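To start, I am sharing the structure in question, which I have written as structure tokens.
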């Protein structure tokens, strides 16, 4: 099989951009490609566990990090739309329209990507800045910095920034 | 001639991002490249016919789809700026400044791209979700899904997400 | 040394997106890559000199160009965050969190990129539209149009639009 590699930097945490990234990743994985989604800045949100996570020791969060953590959504369910968000109404509308069209939900796209062995990577520098600990992120992901991303990108034939 | 291929995913419907996409596409086409612009989500707006389009039979639009259709701009003329939109004043300012600088208008860039055989592709999944029918989009475009996009991208040496 | 080429179109002038672009550029340059950052539209802001710049003769700015010039930030210090900007509080918060995490500031990233010979290119068409003169932009940069960008991209193996 002629497998090629794809990388996506997921910088955005907007519902619609995350959806686009996951649709591309699932499509490529279905065609036998090796896909890496490098989650950085707001893109890290999709890797956050929902609910309270007990701190596993380690350094305490700063006030700023607690603020970022408190304001940024956890997981895919609370993401807002990049356009026409209309006081939070946009994403639910898009969800409903997607369901009516028989499309996969954001959560189904995410689970499907994991099942198809899409590599989700948490950007360690963004984690340090925003104060996200490994135990606050979901299982089955990798932790890498920009050098590792560039290594993947050098081997890939399609590299997108979303 | 040594023609290479370029693809652009046009996710955004912002005036300035669409302008950037069309400038790159025109430049590449002028250099003999085969260019595909895959319009998805808000990028579909530039492919919409202006004015009312009689429905060609087929399934009726849902209320949600009518709402999306009513709120999203038709064609390039109503697009807003991504930054400094200032109650809709941003795009007209950018248009005026572009004209004064002797640059091509968004409509001229779009027509030029069509004349240079840039392929405009409407993402069929986005169409299904937002409820856009083929007869509501302009003539001379193609209709494809993510697998077809990936096929183009695999053959291209520059792939951008805008 | 096996040097490869990377290009980034920096369209955005958002603090966080500029930061992402500079982190990638510095990482690639540190690995021996030849990196070009093509600054267009709002991305031009990072190349603007701070303070008043005496006009070097040439054509006078139009009122519109003066308005764009007056509203758009000069240099990296005044950029706002793309998300959670909260009346301008977002970028200072991100700066503080970055410093606390031992990360490089936006200005350090920019200086480091220049020292590592990352090529900063000002898009001449954007300059014409927004009315930015060469003397208003910092020294040590290049001035090119879309054709030159495409030339770089054709030689590169990673091309991002940020």
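Chains here go by letter, A, B and C, matching the order in which they are written, and residues are numbered from 1 within each.
Criterion: a contact is a pair of C-beta atoms (placed from the backbone, for glycine too) under 8 Å apart; a residue touches a chain by one contact, two chains touch by 3 or more.
Quick caveat, the model's predicted, so the values are computed rather than measured.
**Q** At the place where copies subunit A and subunit B touch, is the share of residue numbers found on both sides over half (same) or under half (different)?
**A** Both copies touch with mostly different residues.
**Q** Nearest 5 degrees, what's the C-alpha rotation angle taking subunit B to subunit C?
**A** 120
**Q** For subunit A versus subunit B, what separation do you get between their C-alpha means, in angstrom?
**A** Taking the average C-alpha coordinate of subunit A and of subunit B, the gap between them is 26 Å.
**Q** Of all the residues in subunit B, which ones touch at least 2 other chains?
**A** 159-161
**Q** List the residues on subunit C that touch subunit A in their complex, please.
**A** Answer in residue numbers: 4, 16-17, 20, 23-24, 26-28, 30-31, 33, 83-84, 93-94, 96-98, 100-103, 157-162.
**Q** Looking at the complex, which residues from subunit B come into contact with subunit A?
**A** Residue positions touching the partner: 9, 11, 13, 40-42, 62, 64-65, 67-68, 71-72, 125, 128-131, 145-147, 149-150, 153-154, 159-161.
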